[in-house]
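Naming follows writing order (A, B, C and D), and every chain is counted from residue 1.
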Amino acid sequence: MKQLNIGIIGAGRIGSLHAKSITYNVPSAKVLGITDVKKTGLAELAAELGIEKIYADYKEMMADKEIDAVLVCSSTDTHADISIEAAKAGKHIFCEKPVDLTPEKVQAVIEAVKKAGVKLQVGFNRRFDHNFAKVKSMVTAGKIGDVHIVKITSRDPSPPPAEYSAVSGGMFLDMTIHDFDMARFLAGSEVTEVYASATCLVDPAIGEAGDVDTAIITLKFENGALGVIDNSRRAAYGYDQRIEVFGSNGAAVASNDTDTTVAFMGEDGVVSDKPLYFFLERYMQSFRDEMIQFVDAIHNDTSTPATGEDGLNSLLVALAAKKSVALGRPVLISEMKQ
Amino acid sequence: MKQLNIGIIGAGRIGSLHAKSITYNVPSAKVLGITDVKKTGLAELAAELGIEKIYADYKEMMADKEIDAVLVCSSTDTHADISIEAAKAGKHIFCEKPVDLTPEKVQAVIEAVKKAGVKLQVGFNRRFDHNFAKVKSMVTAGKIGDVHIVKITSRDPSPPPAEYSAVSGGMFLDMTIHDFDMARFLAGSEVTEVYASATCLVDPAIGEAGDVDTAIITLKFENGALGVIDNSRRAAYGYDQRIEVFGSNGAAVASNDTDTTVAFMGEDGVVSDKPLYFFLERYMQSFRDEMIQFVDAIHNDTSTPATGEDGLNSLLVALAAKKSVALGRPVLISEMKQ
Amino acid sequence: MKQLNIGIIGAGRIGSLHAKSITYNVPSAKVLGITDVKKTGLAELAAELGIEKIYADYKEMMADKEIDAVLVCSSTDTHADISIEAAKAGKHIFCEKPVDLTPEKVQAVIEAVKKAGVKLQVGFNRRFDHNFAKVKSMVTAGKIGDVHIVKITSRDPSPPPAEYSAVSGGMFLDMTIHDFDMARFLAGSEVTEVYASATCLVDPAIGEAGDVDTAIITLKFENGALGVIDNSRRAAYGYDQRIEVFGSNGAAVASNDTDTTVAFMGEDGVVSDKPLYFFLERYMQSFRDEMIQFVDAIHNDTSTPATGEDGLNSLLVALAAKKSVALGRPVLISEMKQ
Amino acid sequence: MKQLNIGIIGAGRIGSLHAKSITYNVPSAKVLGITDVKKTGLAELAAELGIEKIYADYKEMMADKEIDAVLVCSSTDTHADISIEAAKAGKHIFCEKPVDLTPEKVQAVIEAVKKAGVKLQVGFNRRFDHNFAKVKSMVTAGKIGDVHIVKITSRDPSPPPAEYSAVSGGMFLDMTIHDFDMARFLAGSEVTEVYASATCLVDPAIGEAGDVDTAIITLKFENGALGVIDNSRRAAYGYDQRIEVFGSNGAAVASNDTDTTVAFMGEDGVVSDKPLYFFLERYMQSFRDEMIQFVDAIHNDTSTPATGEDGLNSLLVALAAKKSVALGRPVLISEMKQ
């Protein structure tokens, strides 16, 4: 099998991480070239990982016939346009989430991809997390029976700067969108209605910037199941990522990962580890596995495990949640499509 | 200290249980008399526990000057009237929940009690559960910081007969009312708004009877905190009673109680106990402790730990949840008071 | 079924506890009479529990034809003689452990009991502990397969006064004897050889009194299994009582009991409860259940669940362990019988 | 800092694993060359990892001035001789355990290393395991207080072929030696006396080959602490690797690692993951970290974290355990040195 030649657009934290994952963990692919608007450190990264080509800009990469697939790891506002150009250039695409903050542009990417006949995978890495993937496999295998309730606890260790909300679209779009995708993934069904109860309890500056930092979101799914997500921008004990699927035969519950299994039994009680600190620690394995599956989908010409439609539908849920808070009522997903 | 003389009205499952609890665990009180509309087994129970008096009916008990306090353990539709009579007769009152299905009658009980200057405790036994009481003490001690989210998982092992809904007022009134009280108790604040998303996934007959069996309920509290409850009438693994309070300093999480701590490590995994089966097993200790505290409140002339207002306010939340499902929108508690 | 009439000799901590257990939890028996060398509080206890007779001394109880069975809860040095007298008087006997510190006197009790045709149960209450009983049932049901290793962790929260060793016979005889019985019980086989490595690390005064406070004891069983016990007189976190049986099909592991299931997740980690403090908290349920089974064995004329032979054989193991420390070599149980 | 040039002798399972670890995880070192008595697959491995040199034999590697350090991953019987040659050639040495099955040859390696002034690290990888390293750090930091008991559970998922015992020296030398090193490491003290109770319960062929498969080993340490190890060659549930250090302030307990945190709550109980299957899964992280620390020790000219003396002293304990079984009595380590 010929090694897949990959080009990476954007060599920031997540771009470098993917470059290393592919180099060290995906023998059937290699990072052929890389580009970034910032040139600092690019040559060093290329040298360390044996990346042959550094492109002046992403257009040069698009023009390179040797490149089979691109990873779009640039800033969010460029995701859709670059993805469309990549599709036109006949490159398979891995696009970090969100594809865009507007459904229209995500739709445009989906259409360009369809027209070009290339693969598109969206960076919903948590689908590949060892714990959640096991829960999903139990759902798929029928072990849980009919799904009745999907329940997600998702709390960050600390909030981003308040001004970040303006760029990111707010908590539902930059943070909860992962949970919306996870809920859809686990329920095996699309969301039809959203009710979000949200407030600002962590940092008043977030509220002043027009965003929320604490929320309970209720979902209804096409298959009749219910979903619930609770979010906070700040958990004193770190990154809280738990999931539960409850169904007619029982419930699968995924607890947090920890650094060690050590418990200390002392006068003050039995003390064990906090959850792994944040997404780089908690989800490192999933970042690697999403690359493996992306490359496999191309090699085997199968559907990618997180498609453009997943990106679009999760975005619609996030926008519906935002609208629900604004209007103080449940919002139908069908309202978001008009 | 003089032993408190208690009369028990209704010698069914819960009435007998309280009779035994008091006899064996509350030295500062004694069950002086008992009555029930059904006479079967009454004499045997009295003999076993050394109860001196069997009254022909509850009115005879009311007239007995020796009786200091009564436990109202009769059928729900009689709770309010009997409680009002008891208040008029100057007896302290422990009334099983719900006091009544209508706020008006609960209000009438509260007024009768106030006028008579007697104590009233409502049977929200879960407040006395060892796990939940510890979580509450952590909230009160400030260990959790400001409360942001109260989260309750409450699932029964199997549903009551579908026709029971008509009598009980439905799931929110016969089952979730305990969770509403618990949410209020843990938040240390009153509910202002309720949104309930509910459906029928366990047994179609329940739906045909006009009730629901699966629900996610979102609460807003006066102090700004959010609450979420998830309910099911049937968990394949038994009685699921978990609670979590998340705040600015961390989270207190109460897991299920089990019969043993034994885990079997074998080829198929590590297998440990299911939760204790149902409320009689899970909450036995709380039934005992609510009696101890009721008797203490009378002896020490302090406020009871679950008052008539607790009964009323939890009922209003339950009715609001029902209305929310009917209208498909969040409902303010203030709407219920008009 | 006629209620069994029980007489209790010794109304100290354990005697009163049994008196209450029987009164409240064993409907098929009643405490008819009680006696103690100390008269203080005896009348009050009798009044509280409705005990009809207070005997001047235990001989008076022996002479009472109404008494069917006696509980020997007096001081250890009187256990054997009183038990022998009780057997001669035709009373069934529940004797607190140890029956005696010498095998000869235990043997004499066994013979008196056999001759009289009465029942004898020795107070190895831990056999009735919910966790350990479940492990035993898994062994018996063959779930664990052939037993290879029995492993017991047994640590007290704090040591007795150093001078207690002289009376008690030392740690192996007053504390580890429970573990020896448990090991025999779980292995379903008799010990053939003991090696004890023991030292004084908790309190030098214990060493000066000629005793040890920390030990690892290795056992060999007739059926080929191995056993290991680790002991300490002082665990900073309380009473540590864990058990594991490992066999050809897997392992059953019993963890400590705790007061609640609450975990607090905070900046310093996840903190959960210490074990229940000491034997009265940890083993309360077992003290009750050993009474139920004692009474049942008499009513049904079956073997008691902890016999005189259990008392004798566990004592021989304890004495062998003591000898092993003294000689610095493994000791055969057969050496103890010569 | 100049990259350290490493040569690997033996490209079997563990040699290849180290080659990958260094290439992917140790930027301050590179695998310059490799050699193996079997030539199959060697070129492919070198190509995959970018290893420049393939030596005809290890002597050629010794002669290569560019090589700074060697990993001795060849068969056990060659470890000592190759290590001595490497020392003479001025190469730093990482030697897989055991260095040799005889104390004399291990001593010879230690002396050669000392004379040459090179570093020697022995492959006691478990010292670097995340769980055990944390327990060790708690001991070192004084959190546990004075160490009283070190307790190790170490059970393999399945036994090696019975004939392997002849080559390996038997269970104590091929399996328990890791536990002996761990006990020494955690106690922070040398073993002075060993008593081993061992038998053959897993596979009679092992017994016929003169080895044991099930054992309880008791240790005494210079600092007064006691140690206990229980071993089995076959745990039905996989690889059981637990550790506990109990001291005057409490106990640190390391449980097994699992693949996921998922628990399924169903009618048959709550089922969670078995331990990670075997040493490659369980200890992968430790194999990587021992390389990082080996390279660091050379770069910083500090002592290696597992020295030749560790290899020697752990071997002496293993030989003493073997002798203890043979003689049926405790054996002093001082007896092994005569």
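In this section, a contact is a pair of C-beta atoms (placed from the backbone, for glycine too) under 8 Å apart; a residue touches a chain by one contact, two chains touch by 3 or more.
This is a predicted model, so every value here is computed, not measured.
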Chain-touch separation of subunit B and subunit D, in steps, is 1
More contacting C-beta pairs: A-B or A-C? The answer is A-B
When each of A-B, A-D or B-D is compared with C-D, the one sharing over half of the residue-numbered contact pairs turns out to be A-B
So, in whole Å, the Cα centroid of subunit B is separated from that of subunit C by 40
Per the C-alpha centroid definition, the whole-Å distance linking subunit A and subunit B comes out as 42
Per the C-alpha centroid definition, the whole-Å distance linking subunit A and subunit C comes out as 58
Among subunit A residues, those touching two or more other chains are 235-237, 240, 249-251, 265-267
Per the touch rule above, subunit C residues touching subunit D in the complex are 145-146, 148-149, 151, 155, 195, 197, 199, 201-202, 214-216, 218, 220, 224-228, 230, 232, 234-237, 240, 246, 248-251, 328-330
Per the touch rule, the subunit B residues reaching subunit C in their complex are 24, 27, 48, 50, 130-131, 134-135, 138, 143-144, 249-257, 259-267
Touching subunit A in the complex, subunit C uses residues 235-237, 240, 265-275
